[in-house]
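See below for the structure under consideration.
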Amino acid sequence: MNIPAYTPALIVAVPLLGAFLTLLISRINDKLRNIFVILVLGLNSLLVGLLAFNIFTKSTPDSPFIYTYIFGAKDVTLPVVRILFEVDAMSIFMAIIASILVFVAVIYSWSFMKENTGLDKYYTLLLLLTAGMLGMMLTGDMFNFFVFLEITSIASCALIAFWTNKAESVEAAFKYIVISAIGALFVLFAIALLYGQYDALNIAVLSNAIQYTFLDKIALVLLIVALAMKAGIVPMHMWLPDSYGRAPSTVTLALVGATLASLYGVLRVIFTLYGNILLEPAKFDIPVNMFIGWLIIPLAVISIIVGVIMALRQTDFKRLIAFAAVAEIGYMFLAIGTGLAAMGTAYGRTALEGGIFHIINDALDVGLLFLVAGAIYYATKEWSLDEMGGLARNMKYTTIFFIIGLLAVAGMPPFNGFASKLLIYESTYQLNPILAIVAILCSILLLATFVKVFHSAFMGPKLPKFKDVKEVPKSMLFAMGILVCIIIFFGLFPNLVLENIVRPAADALLSNAQYLSMVLGGA
Amino acid sequence: MSKRNLVAAVFFSIVAVIFIFSALLMHPFGVLDESDMDDYVIENTQEETGANNGVTSVVFDYRGFDTLGEATVLFTAVAGVIMIFRRLKND
Amino acid sequence: MIYNIPFIAVVCLILIGLYALVFKRNLIKMVIGITLIESGVNLFLITLGYRKGSIAPIYTSSPGGIMALPIPQALTLTSIVIGVAVLALMLSLVIHIYRHYGTLDVRKVRRLKE
Amino acid sequence: MTEMSKIVRTITAIAFPFSMIYGLYVIAHGHLTPGGGFQGGAVVASACAMVLVAFGSKWTLDKIKEKRLSVFESIGAIAFIGLAFFGLIFGAVFFNNFLVGNDYLFGIIPVVGSGLADINTAGVIPLMNFAVGLKVIAGLFAIVLVMAYATTNYKEGKK
């Protein structure tokens, strides 16, 4: 199937145009605006789906297919001056996640955000956040990546502070903007270092030219630190529970996407930008990949442990889920680190596949749990777990969704979390058994945490103050239903997903030489 | 010295060392290693874009998509600031 | 080495900003720190584009000669505008924090714990 | 922000048109001389901010509402992205400079090398400059206006 060559540009431009128009349309009618936003995002998801179908069918394990789009001219000129979009299987894989999350968030907002003022700005910012995330994922230019990173962080910061009458949300937003401003400036400094040496901004050109001088090492460290900080790995994780916990649930769902976009940045920097020199020996005859891999693995393990232990101690529902999300991000980084440290071996590849598969599973599971927390808040106006109880009688569907979410997030069969976590355990065991044991133990602890939550919130006697609690409106149930359907589908047919979507993405990351020739060969 | 200060001092000194090293190792000021991309722009800007100003031709033509992003950032900030100072229902 | 003074100035700016951000307790001073870091990075970008004895890359009645690189200037322009946007958002959040807590001391602005 | 003294207001009234004209000049000549939409927009927006400081936020808000400014900003942004879409329609590529090389609007290619240039050059670049200029003027002024008004209200509420 052939699609127009400008589809990648439209994927970013449509939400942007939608965002600019939303402010004008919302002056006419509120309902019209909601329908317009849903239509824009639906169109966008359709475009992402078409492009994804095209890329996944055209790429084979030996030669991953890369879609390049040049802004402003028909042909690439050498040296590459113009901005290129370089869409391979990994980028479009992340774009699918982002568009699912935002689409669900918008449907959910219809009823959930109804009572608030300032909704025109809310929808505008949500569309801008979408455009930022998709731009980060599709772009092939370092500076363009920085610009979209800033769009993402500014839009998400404003959205975190949406409930401005609560001091905590403003405080969380301030923390987030400080962290992301520093992170973005580090990224910009690293880009400037690379630019100063090679006079190029395109990822493929830079990757071709990089010689691993000392300045390149500094740039690598700055890029990984800044992007991992925005992805929420442990020493820099403090912003994550605050902002996840205090933003409206729909915003949290979009924020999960933004966090994963930063994770994608880490993957892209390590595997593509520095892909050419990964297997070369650095200091003391240790190859670069071992160096970076063993740098990431301890941080990932600490993330898992801290996330789980802090989750056990929480009484606030959303903060608890947020700490679980920290642990899940730890699992992803553990898989990436293992994949790096064992690069070239079969289990290193398995680890990377597991990590990539876990990205989409984490987004769906954690997203579903946040939506359930939002539904409970909508019905009871209560965040604290100590105050809840006996909700299962009044909110049947929400309870079922919560059970599915908790089993999936803890990695129980037959849900999707099991498939990816199994891959991660298997491969880390081959690298170092202790890592796998820690990972499994923490997973069990996570299950225990959520069972405790389930018991205190849904079980027990019916509380008198929740006598009038009703099931949430249909649009919210529908939004959660979409996520549940995908979760069950992924859980029942993990092989289908693994072979058709995850494996091409892993191939695209690992075959760096192909990336360069596909992008620059057409010049 | 409190615990927070100690952590901050360690963080600060690590970052300081990184940045000082990068400043000392940069190429001498005014003597460039490579300038292919920019020379291309300087040579071709008048023919390709018709603009006499090289910087503007980069901003709006060669890297026009960046500028769209930049305009979007400003738009986002304005929307965010107006949203933060909006009138709430219970005010 | 003497030629590298602009780069050393960049690092000084960044480190002063980082010092203000890490050790100061006042939110406004932290914002000033971030702005200083940003100026440092912008200065770094613009210094990358300088060639000895070059003129601005604008052909309108220019005397001729080697030209400075145009792309770093364009990147700096982008980065300045982004900085303005971040600054506006941060200051409005600071205003709101002051409304809620009545103070700008970062030690007292701590309702979110553990 | 409250009103300032009569001297300040008079000086502002005199200086405002000049800085406005200068800013508009910088926007219009963005493709020929140093400057462009962002820089000129910032100049005009600071002229507007000067009026805001001199005459007080209440007075300024009576003259222009931030909602109207945000509509202007949307229009500027839509014009900008619309020009990019026109590139897709007329030049087959997103962000194509489709006007350059034509003989009508802004289509002339200047003589290569240094020399005085025609303002009627550079294709879509001047149009984009205008769009971005409108956007930056409205956007920056809206930010300053909203922040000034919010802080004023708070102080008066306390008293």
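As written, the chains take the letters A, B, C and D, and residue 1 is the first residue of each chain.
Simple rule for what comes next: a residue touches a chain if its C-beta (ideal position, glycine included) is under 8 Å from a C-beta of that chain, and two chains touch if they have at least 3 such contacts.
Fair warning: this is a prediction, and the values are worked out from it, not measured in the lab.
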{"item": "Chain pair with more C-beta contacts, A-B versus A-D", "value": "A-B"}
{"item": "Interchain centroid distance [CA atoms averaged], subunit A/subunit D, Å", "value": "36"}
{"item": "Distance from subunit B to subunit A - Cα centre to Cα centre, in angstrom", "value": "24"}
{"item": "Subunit A and subunit C: spacing of chain centres that average the CA atoms, whole Å", "value": "28"}
{"item": "Inter-chain centre distance, subunit B versus subunit D - centres from mean C-alpha coordinates, in Å", "value": "21"}
{"item": "Touching two or more other chains - residues of subunit B", "value": "19, 22, 26, 32, 35, 37-38, 41, 46, 52-53, 55, 57, 59, 61-70, 72-82, 84-85"}
{"item": "Per-residue multi-chain contacts in subunit D, two or more chains", "value": "32-34, 36, 38, 70, 74, 77, 81, 84, 94-95, 97, 110, 113, 117, 140, 143, 146-147, 150"}
{"item": "In subunit C, residues with contacts to at least two other chains", "value": "14, 56, 58-60, 71, 75, 77-78, 81-82, 84-86, 88-89, 92-93, 96"}
{"item": "Overall pattern in which the protein chains touch one another (line/ring/star/complete/other)", "value": "complete"}
{"item": "Contacting residues of subunit A [partner subunit B, same complex]", "value": "16, 19-20, 23, 71-72, 77, 79-83, 115-118, 121-122, 124-125, 128, 131-132, 135, 143-144, 147-148, 150-151, 154-155, 157-158, 161-162, 164-165, 189, 193, 196-201, 213-215, 218, 221-222"}
{"item": "Partner subunit A, residues of subunit B touching it in the complex", "value": "18-19, 21-22, 25-27, 32-38, 40-41, 61-66, 68-70, 72-73, 75-77, 79-84, 86-90"}
{"item": "Subunit C residues within the subunit A interface of the complex", "value": "14, 21, 27, 30, 34, 37-38, 41, 44-45, 48, 71-72, 75, 78-79, 82, 85-86, 89-90, 93-94, 96-97, 100-101, 109-112, 114"}
{"item": "Residues on subunit B engaged by subunit D in the complex (per definition of touch)", "value": "46-53, 55-57, 59-61, 64-65, 67-68, 70-72, 74-75, 77-79, 81-82, 85"}
{"item": "Touching residues on subunit D, where the partner in the complex is subunit C", "value": "32-34, 36, 38-39, 110, 113-117, 140, 143, 146-147, 150-151, 154"}
